[in-house]
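These notes open a run of structures that come right after.
In the two complexes below, chain A is the common chain; its partner is chain B in one and chain C in the other.
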Partner chain A sequence: MKDFANEKWTRRSLLTAIGLAGGTAAMYDAMLSMGYAANSDFSDPITLQGDAKGASVIILGAGIAGMVAAYEMRKAGYKVKILEFNNRPGGRNWSLHAGDSYTDIGGTTQKVDFAPGQYFNPGPWRLPYHHQGILHYCKMLNVPLESFVMYNNAALVHSAGAFGGKPKRFREVAADYEGHISELLAKATSQNKLDDQLDKDEKDGVLQMLKTWGGLDKNYEYRKGDQTSDFRGYDIPPGGGLMPGPVPSDIMPRKELFNSSLWNALYFPKQWDFQGQLFQPKGGMGEIGKAFGKLLDGVIQYDCKVTNIRQDETGVTVTYINSKTGGAPKTEKADWCVNTIPVSVLSQIPMNVGPKMRAAIDSLPYLPAVKVGLQFKRRFWEEDDNIYGGNTYTDQPIFNISYPSHGFFEKGPAVLLGAYIYRSGMRVYNFEALSAQEQIEAALEQGSKIHPQYRAEFMTGVAVAWHRVPWTLGCSGLWNDALREKHYADMCAVDNRIVLAGEHCSRLMAWQEGSVLSALDAITRLHKRVMSA
Partner chain B sequence: MKANTILLAAALSLAATGAMAQANCNQFPQQGGEALYNGICQDCHMPDGRGAEGAGHYPALARNPKLAEPGYPISVVTQGLKSMPAFGGAMSDQQIADVVNYVRTHFGNAYKDTVKPEDVKNAR
Partner chain C sequence: MKDFANEKWTRRSLLTAIGLAGGTAAMYDAMLSMGYAANSDFSDPITLQGDAKGASVIILGAGIAGMVAAYEMRKAGYKVKILEFNNRPGGRNWSLHAGDSYTDIGGTTQKVDFAPGQYFNPGPWRLPYHHQGILHYCKMLNVPLESFVMYNNAALVHSAGAFGGKPKRFREVAADYEGHISELLAKATSQNKLDDQLDKDEKDGVLQMLKTWGGLDKNYEYRKGDQTSDFRGYDIPPGGGLMPGPVPSDIMPRKELFNSSLWNALYFPKQWDFQGQLFQPKGGMGEIGKAFGKLLDGVIQYDCKVTNIRQDETGVTVTYINSKTGGAPKTEKADWCVNTIPVSVLSQIPMNVGPKMRAAIDSLPYLPAVKVGLQFKRRFWEEDDNIYGGNTYTDQPIFNISYPSHGFFEKGPAVLLGAYIYRSGMRVYNFEALSAQEQIEAALEQGSKIHPQYRAEFMTGVAVAWHRVPWTLGCSGLWNDALREKHYADMCAVDNRIVLAGEHCSRLMAWQEGSVLSALDAITRLHKRVMSA
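Here is the complex of A and B:
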């Protein structure tokens, strides 16, 4: 074994030593304490210190935020009750399975006639490894997780205006951008054009790096050959025996590539949220909500539409009616209230809070978003195109096709995400305004530009436009810097006996981790108030 | 549903810009009150303007007396109101005038005064 005693202790060698001695977990802990590997602001598990003395809390909404709040407050000794609009737990944590149906706010019902076992997540669908809050509750609830494939080199990048509209593989686009840019930089370096930036040693290092990283030849040029095809793939890959090949592939001409906007797709998987490892619950994202609902059996009252929230010095009174049948209003009274109703809805419910929180609630618009799930007769993306999971991007309105990260190589029907539209500017509203049938048709029409098999293999589909989801009226809070500056703190502050929670009270827009962290933060502050009351 | 067919065609052909920088699509391409209504407003207010009700509601535009004073719909479209997004930055004065005029003369509304782009400009 290596003798560490005589080594100069750098942070890296220290970490290596800890890793060898205590395994990766010990090394990871050490890294955290040295500030190397920061997670989200989650500390596991939270403890609300002090006796709540049986104080009661009414929680509005059985989404992730509401259920985290209920679970943790019950654990701390509170009497908890949740009122939920839907007849199921989870809120936006939701999967549509074979046999389910979904009715939008306009009254359009879609029956989900997927094959048994197939599902589609209209809402959240991936869990980054650093979202340790939601992952903690998955572990606690024994929700099995599997790998979510975010980046697949074999997936496609498509622009209607580039390369005759022919989709390119991620590996080809990445290799050619990096290769062409490396060649340009290598030329500039070796022609001494960067001498005011680089000294001699740096120049040698940069050239060596560009040659290896960019796949350049001995003349520092990015040319068709084995060294480029090792990155971008071969026309005929290396074979056995007397098979032909390898035959290297043509590289995309620099000018045409640089004039395209294909680079946009390379940026998505580089973002921290999408870098991977990512996870998904086996059987659909909705499994988390279902498991949480089971844990809170008896706590959640379903089919409750809240119509009024009133607080005074004695407590909080919530008035509600049956969300399906209406009928006579009922009331529920508690000492405190954790309110996770999306503010798109909450802005319409009378609630006596101070002018600052009211202004915050009334100021936040909600993100438009559409997702379309398409079931095909077979996994042609795997069988014909060797794409196993991952994401394809296009500059058509559908924006994103995502192949299932589960069930690889299975025979028979499979569901993919045929459109995920949320970052396409005003086009999202235009897409939302289509009927569900038209959204499915648009997903098929645009998708067939990328996968010609679409029309022949299509079986059935389902489309969810988030502004038409009856219980959220939008996808997620649409904060911008100006709105945050003006209203965010007031949105999150405890107003006497009421505190708001949910992704809209977080800086992780539309992420379930935002709901978890918001709930933990809200109940911690509320609990402090209870203790000092 | 002729208008919807046109809208669908528009949604399909928008891709022809060839720009994957989707964030640049900050302006609505539709022109004229009907195309704007069908391309945007009907998402929530419904094709026949009757609005919709769930945990919260989208107000009906059909026979809505709040439309009598044109300054009100101009302000709501331009600045937004609660869960109604502000579209002032995504629509020209002409587009806003067109869609307000359309709503005020359809769905059982029959207001005679017409909004002009200058009215929108002054209200911004």
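Here is the complex of A and C:
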């Protein structure tokens, strides 16, 4: 690790300098040579070099990608206009508060009657620390961020078929899983069964390591006692004065734990996307979209449903109607177009692009996802169960309960995420087929198996099934390796005067960071085209 | 798990009811039968039943234990007075802000010149979620709490002797450690070497489990690729549009990792005390002490150095002098005494208690600890390295660097914990023997090995060595099993009219929760004595 500080270079200013001088490739080389594994593909400030000479650009969609594109291109001298389907900025960056309402594609309207200050994010809800692009815009927009609790050792793991359907604490599952595998590996090691793998001098080290990390006793066994309870929790924890205890807790038998699916939950917090530290905007994820919309006041035209996109040698003409009232089509013309409409919707809009981009647009399926927000009379998960934020997982269809990372210890009503179903498969489609009321009922029914307080404490709820959201018809682009190989480059390439952007044009599916990086990459390439035009 | 909600009982109200009816032992039985492993020995509200008939109590020390005792006994009808050595409430609950100064036992005064709003906690700094006692008083006192980041996957692990002294990210150490042990165990399993341990039907499950959790490839090997980089991070992470990458990162060779001490760091966040979710008071830990002091306005007499404690059949007489100016001794008399003076100090004060308590007082050594707070010009750990809160560990004497869990993304100066040395052994004593300036210099020197920005960004610092703090002469009671067996019950027993309280009278060494639970337990037993007197 070189001492850049002494050279009066911060790492970022150095990288920016390299980026300006040598472009992106040079910058990546430099990052690697500095001995850091990169946290992000983002580097600020983005600079579109050269004079756009007042060229105009029409941007379709005032989601994160569209607003990033608009902001940066306006800064570079472009005349910018955004057409947006909704009557608010943000797109999937969206929080529902008291008084809001939402109408799905079937015409069902839900009116949100949460308590004041309570909210629910139907879309994105967490910002990993390495998503430096979206974090940059939060800072720029002065959107205050607070800690998002992803992993909480006191949160629960539940399987209907394991341990009589009784939920276990994450700390118990983690400690017992790691303890049991440590014991197994210690046995194999001490009984010389891994002598083909481990040098003689390595063996003692491995045993000591497993003993410490796994909580094994002096015989390298994972047994009930203070050592294991210090990881998994006590029946009666160490107290003060002459209080009773400590009394250690029973461990889960290895076979029963391994045969359950509970250990699956240990996988989630290990993933790059979900590793701490994470953040959330104070007051709801939608605060980013709101602030961005304010910054772009006058640039965004709301309630526009795009019906046709046509490019020729002179520019791009977009036809649209009022998304609420219909009426006579209007047109808007510009030199260039950044199109962030989700391709689930875009595939239904006539647009004269080449066959490759068309094939890409028509080939990408969208991830189904349902989220249910439930408001309860009080924070029973905190008051009764001492769970402050974090995620509980179950093998029931609701999959994921998430406790609010804000308002800890407050009295009065609070909203939690009562279901988050986002994996593909019939389970999600079945759930999506339910009405909003049925989805809320299912979240209550299944959640009650984990939190028996649910029924008595429930007040109100809201459910959003993303395949039924009129302006996205799905949660996010659902790439797999084969699709990516065949269509991704064509999806992202500039087609004459049109470039697509959004999370579907990124490798960060369903993440706002994908939208940001896609937009920055798309406008950088479009700008090059403009400069050489 | 019974459905108490349907019976209109919250768990807590039920426990309180049981506690009131049947006392503590009945309550513990009830907690266990409800199928929960307890999170805490605390249950609120504490109720001292029966009329104290205006009995008076003198409490020595306005730390957390003393103030809890004063508040609860006053509520139960006692006449209460606290004598406190310092000119502020809180004791070890203490935050240093700009303008504060601290003088150690050698007479060296440090003046704190942090930027406005910045602070450093020389004493306690984190509140685990299961410390329900201290959390209860935070709520009661309206001390706002915010998330404390204990474990951050992006924080660093450093060993001078490993990997050329280059720090590694926690995520890299965790992924590679868990990957390598998974591969070893998968090998032993698939090569039938654990057939005496694992049933035939268990083996496939174990292999699948290790593959998922360990990030193994289809041959059950831990190899460089997308799967492992999804845990440990990429050299170039997945990006947007046609950005380069992803490029997976190299994994650390097993032998080099296992032979290093880096895996030790994985032990810390596994411990019950350090498991998430954790909290900190907004504005510094000292906010609790301040708020408690305000609540007890008029009860606490500051600047009192106790010089003699004498009990007889009529009461307890405490002699004290002004802790700053000395002067003529004064006395204060009460019916009963709750004595929270750390026994490191108390052992030097004449007090007529029985030989058992005396032996206990004279036998308990105190844990040494040094903390160094460093203010830098900017949050380079966030801006350059994307570390937002959490702890870095090194095998250098400074041991622990901790990044602030508040003020994320702010511009301007910020304070981090530059050293936290609390294990016993010569390393701590050697560090304690340095002057404050030398301690700060050592923190800078060693910290520079991890963060090369240190020297260029440093502004000012403060160092507190707890064996030199005049009013504690150490960080906390340092019990071991043998000492606990011999002296703990005697330390905690009521000696005629005197009972001791504080973290040293608890099984939660150096934790404020120990002070709270000790105080509650001590006054409950003292009150019984009063009622039967």
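Details
Please note the rule applied: the second predicted complex is superposed on the first by the 497 of 533 C-alpha atoms of A that agree within 3 Å, B and C clash if a C-alpha of one lies under 4 Å from a C-alpha of the other, contacts with A are read in each partner's own complex, and residues count from 1 in each chain.
Note that in this section contacts are C-beta pairs under 8 Å (C-beta built on N, C-alpha and C of every residue); 3 or more make two chains touch, one makes a residue touch a chain.
Note that the structure is predicted; figures quoted are calculated from it, not measured.
Of the two partner chains, chain C is the only one touched by A:F231; chain B is not.
Within the superposed three-chain model, A:A482 lies out of touch with both chain B and chain C [touch as defined at top].
In the superposition on chain A, A:A533 makes contact with neither chain B nor chain C.
With both complexes placed on chain A, chain A has more residues touched by C than by the other of chain B and chain C. In the superposition on chain A, contact of A:L473 is made with chain B only, not with chain C. Of the two partner chains, both chain B and chain C are touched by A:N264.
Contact with neither chain B nor chain C is seen for A:A328 once the two complexes are overlaid on the shared chain. When both complexes are aligned on chain A by C-alpha atoms, chain A residues 264 touch chain B in the first and chain C in the second. By the touch criterion given at the top, residues 4, 7-8, 10-12, 14-28, 30, 38-44, 46, 52-58, 80, 82-86, 90 of chain B touch chain A in their complex. Considering their complex, residues 85, 105-107, 159-162, 260-262, 264-265, 305-306, 323, 341, 343-349, 362, 365-366, 368, 393-397, 399, 423-427, 429-435, 438, 441-442, 445-446, 465, 467-474, 478 of chain A touch chain B.
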